[in-house]
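Heads up, the next two complexes both have subunit A, just with different partners, subunit B and then subunit C.
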Partner chain A sequence: MHVMEGFLPATWCIVWWLVALPSLALGLYQLKRVMAVDREALALLGVTGAFIFILSSLKLPSVTGSCSHPTGTGLSAISFGPWITSLVAAIVLLFQALFLAHGGLSTLGANLVSMGIAGPLVGYGIYRALRETQVSIFFTVFLASALADLVTYVVTSLELALAYPAEVGGFAGSFTVFLGIFALTQVPLALVEGVILALVFKYIVQLKPEILVQLKIFPEEKIVAAARGLADAA
Partner chain B sequence: MLRKYRLEVVAAIAVLAFIGLFLATTITAPSAEFAGSDTVGSARISEITGIPEDQFAPLVPQWAPPSGEIESALFALQAAVGGVVLGYVFGTWRAQRRMEARAGLSGTPETDV
Partner chain C sequence: MFEELLEEIAQENALRGTNTYLKLTVGLGALLLSLLSAGFVAPLFIAFTMTVALLYLARIDARTLGEAFAAPVSFAILSVAAIVLVSGGSGAVWIWQPFSWLSLSVTPTSVDYGIYVLCRTLGGMASLLFIALTTPMTDLFVVMRQCRVPPVLIELVMVVYRTIFTLLDQLVRCYHAQVMRLGYSTRRESIRSFATLCGAVFIASWNTGEDQIRAREMRCYDGRLVVLGETRPVEARPALAAAGFLLAALALTVLSGGVTLLGGAP
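Up next is the complex of A and B:
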């Protein structure tokens, strides 16, 4: 999903940096507020952030014969929203740009928009839409995480197609080509990521349901019902 | 029993299916190189623009790991940092649960919300 250093024209680098910066500022502001209200939130931030670190380091093979990595941003988007998530993603992407040559400083804005903002924003939107419904909290986490992952790669394709429209077919032609590389590779990875993060959410419900209630991540009744369901099933 | 571990079962099936898919791909497409999609994407940019890949110079000077070994070490480091934090927090939460249960502050731990 990284746009490699030098592979995005300067104008587009600036555009995506300008899109990304307000999100980082908002994330910083929100993070300070969350931490001021509840120090316990730090532990949950640790868990959700840890998954961004772990999953985005795993380059996995896929059906297209190339490798790609999950993003791990879904849990964070659900727990803290897309802006704080963009801040955590920025740390990972900066590390990868500085020490791994995966993405670069000029393309960091574009990579942040796809992995740190657009993906988490869509995941967060799905979670908000399903939060008050009868849909199980685990299925909600699955759906939000899988789509946060997939949308990240759709947006990478979009960024490249905007910068490099094909001579024949223009933007749409390029978009299809890049979708074939990035998004198609990502489908199986996104599904597995969704399942794994739903499983992790189960452990959070089992170990620390209070934090989910305090941060109002899901309505209390739903968390109580889920926790009780897990206990009764034993 | 099965209901309790339903999500674990689903996760195990998903991971096995993923591995199966990978093995199937190595058979149906023996020439697949499994290069990073970043690299494949860059190659395609070069095709679309007609500019050779080595002419895409970094806009900002960039350090690259001198070898694949060093690169994978740094990736492992990134995952390890995540793993340490994850283990620490889950361990703390679990210990808290047990201590609360032992102190009799709560009834059955899992249903105490």
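Up next is the complex of A and C:
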């Protein structure tokens, strides 16, 4: 869910750009460090960005009848960490604005905070909390992706409520209204995205589990057990 | 299933040969004026002029432009409806108080405010589409380099850009194969096929990354991709037209700041 161009007042565009800038600077600093050690990282980061873009340009089969797109940032945060995801997300958001007219340039800061920072941070936090537990890797991915998606909508509602507070009830009243409107349409979509990304992981575990081992996303024994379980079920 | 990429249209638009900085000045200038305007007239003027410029100067297909506008505008209408309900004001024509701390109402002031936000969004979207549909990313790479954006960031942007089209090609072929095998015949089947499609793209993107590493090393990649870009001269007529448009938009922004449609407080 992108805040489109021109929707936020100029002041709030500046505020969200300022909020997003430190994480961008951190992402750029990390990128320079990674590149100094390993030039090959550029290609993998590049394809990560392209993958998120492609994922977000697909129209998700929706249970509500409306049309939406997966954010893909939850999957990226699990695979590559939240800070690199935030830098890659900034590039993806720029491409989404210029290639698909999703979001905008003035609202890129606000969209980056919701989709590139808050969502991936929550997704990554859930993944880190469940990574070493007995919880299935597919359920971990489902939970991380769905909640990363939900948090994105919550933060977007917060951004809109701060920009447009209600006359009665102020920020809280406006936040309730925006959350109510978007929760109705976006909660089912977040659940569908969670299911789809869990199935994506299932597909990768079945066909190319070495990617997950190489990225150190889950302990090797957990991936092997999951792959064995899928083979037995088949 | 797939959205049309505006980039492909931008590569063939009729303003392709116009100076990139001139197009960016018009697009970003209009965007800024739309944002700074305190009334609905200037953003509406910008939205109208930009749409006309895209249709008649850049020769963009009306249907394509309509589709590009459709998704953000539908989201804008939904959000503007919420703004109208919470903004309040005097002389309410409809009011409902579901909780003691929340009151929803429709007033001339709130409707005027909603119209203003909607017009500002239309102005902003039209300005963004002007940039997106007339200036391909390949031209922006040259601008980025000339504006001294960190080289490592430009490299990353270029790799993402290049890989998008490689992956998209694989994705489309994969999707068509799924459709031919009735992969999207039921909702359950659609979700399963969609997940398989995403998984296939993830694996393909990984393989592409590895191929790119090998290909670059074989071509003596030294950490810098070469961009061949030409700087086209600024022609007098387009420059005058751009200046005229921006001055008119600026004048409207200044003069029509307090104008409202229903007479509500601006």
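Remarks
In the analysis below, the second predicted complex is superposed on the first by the 192 of 234 C-alpha atoms of A that agree within 3 Å, B and C clash if a C-alpha of one lies under 4 Å from a C-alpha of the other, contacts with A are read in each partner's own complex, and residues count from 1 in each chain.
Criterion: a residue touches a chain if its C-beta (ideal position, glycine included) is under 8 Å from a C-beta of that chain, and two chains touch if they have at least 3 such contacts.
Computed from a predicted structure; not experimentally measured.
Shared-chain residue A:220: touches subunit B; no touch with subunit C.
By the touch criterion stated above, A:191 is placed in contact with subunit B alone, subunit C being left untouched.
When the shared chain is aligned, subunit B and subunit C each come close enough to touch A:98.
Judged by the touch definition given at the top, the superposed model places A:138 against subunit B, while subunit C stays out of reach. Of the two partner chains placed around the shared chain by superposition, subunit B is the only one that A:231 touches, whereas subunit C remains out of contact.
Applying the stated contact rule after C-alpha superposition, one finds that A:32 touches subunit C and leaves subunit B untouched.
Once chain A of one complex is fitted onto chain A of the other, the partner contacts of A:19 are absent, as it touches neither subunit B nor subunit C.
Judged by the touch definition given at the top, the superposed model places A:203 against both subunit B and subunit C.
Judged by the touch definition given at the top, the superposed model places A:172 against subunit C, while subunit B stays out of reach. For the contact definition in use here, the residues of subunit A common to its subunit B contact set and its subunit C contact set are 1-2, 4-7, 10, 13, 43-44, 46-47, 49-51, 53-54, 57-61, 63, 67, 92, 95, 97-102, 104-106, 160, 164, 166-167, 174, 177-178, 181, 192, 195-196, 199, 202-203, 207-208.
Here subunit C touches subunit A in the complex through residues 1-3, 5-7, 28, 31, 34-36, 43, 68-69, 71-72, 75-76, 78-79, 82-83, 85-89, 97, 99, 101-104, 117, 120-125, 127-129, 131-132, 137, 140, 150, 152-153, 155-164, 166-168, 171, 184, 187, 190-192, 194-203, 205-206, 208-210, 212-213, 216, 221, 223, going by the rule given at the top. Within the complex formed with subunit B, the residues of subunit A that make contact are 1-7, 10, 13, 43-44, 46-47, 49-54, 56-68, 92, 95-106, 138, 156, 160, 164, 166-167, 174, 177-178, 181-182, 185, 188-189, 191-192, 195-196, 198-199, 202-203, 206-210, 213, 220, 223-224, 227-228, 230-231, 233-234. Within the complex, the subunit A residues that touch subunit C are 1-2, 4-7, 9-10, 13, 28, 31-32, 35, 39-40, 42-51, 53-55, 57-61, 63, 67, 70, 75, 87-88, 91-92, 94-95, 97-102, 104-106, 160, 164-169, 172-174, 176-178, 181, 192, 195-197, 199-204, 207-208, 211. Listing the residues of subunit B that touch subunit A in their complex gives 3-4, 6-8, 10-11, 14-15, 18, 21-22, 25, 29, 31-42, 44-45, 48-49, 56-60, 62-65, 71, 74-76, 78-79, 81-83, 85-86, 88-90, 92-94, 96-97, 108, 110-111, 113.
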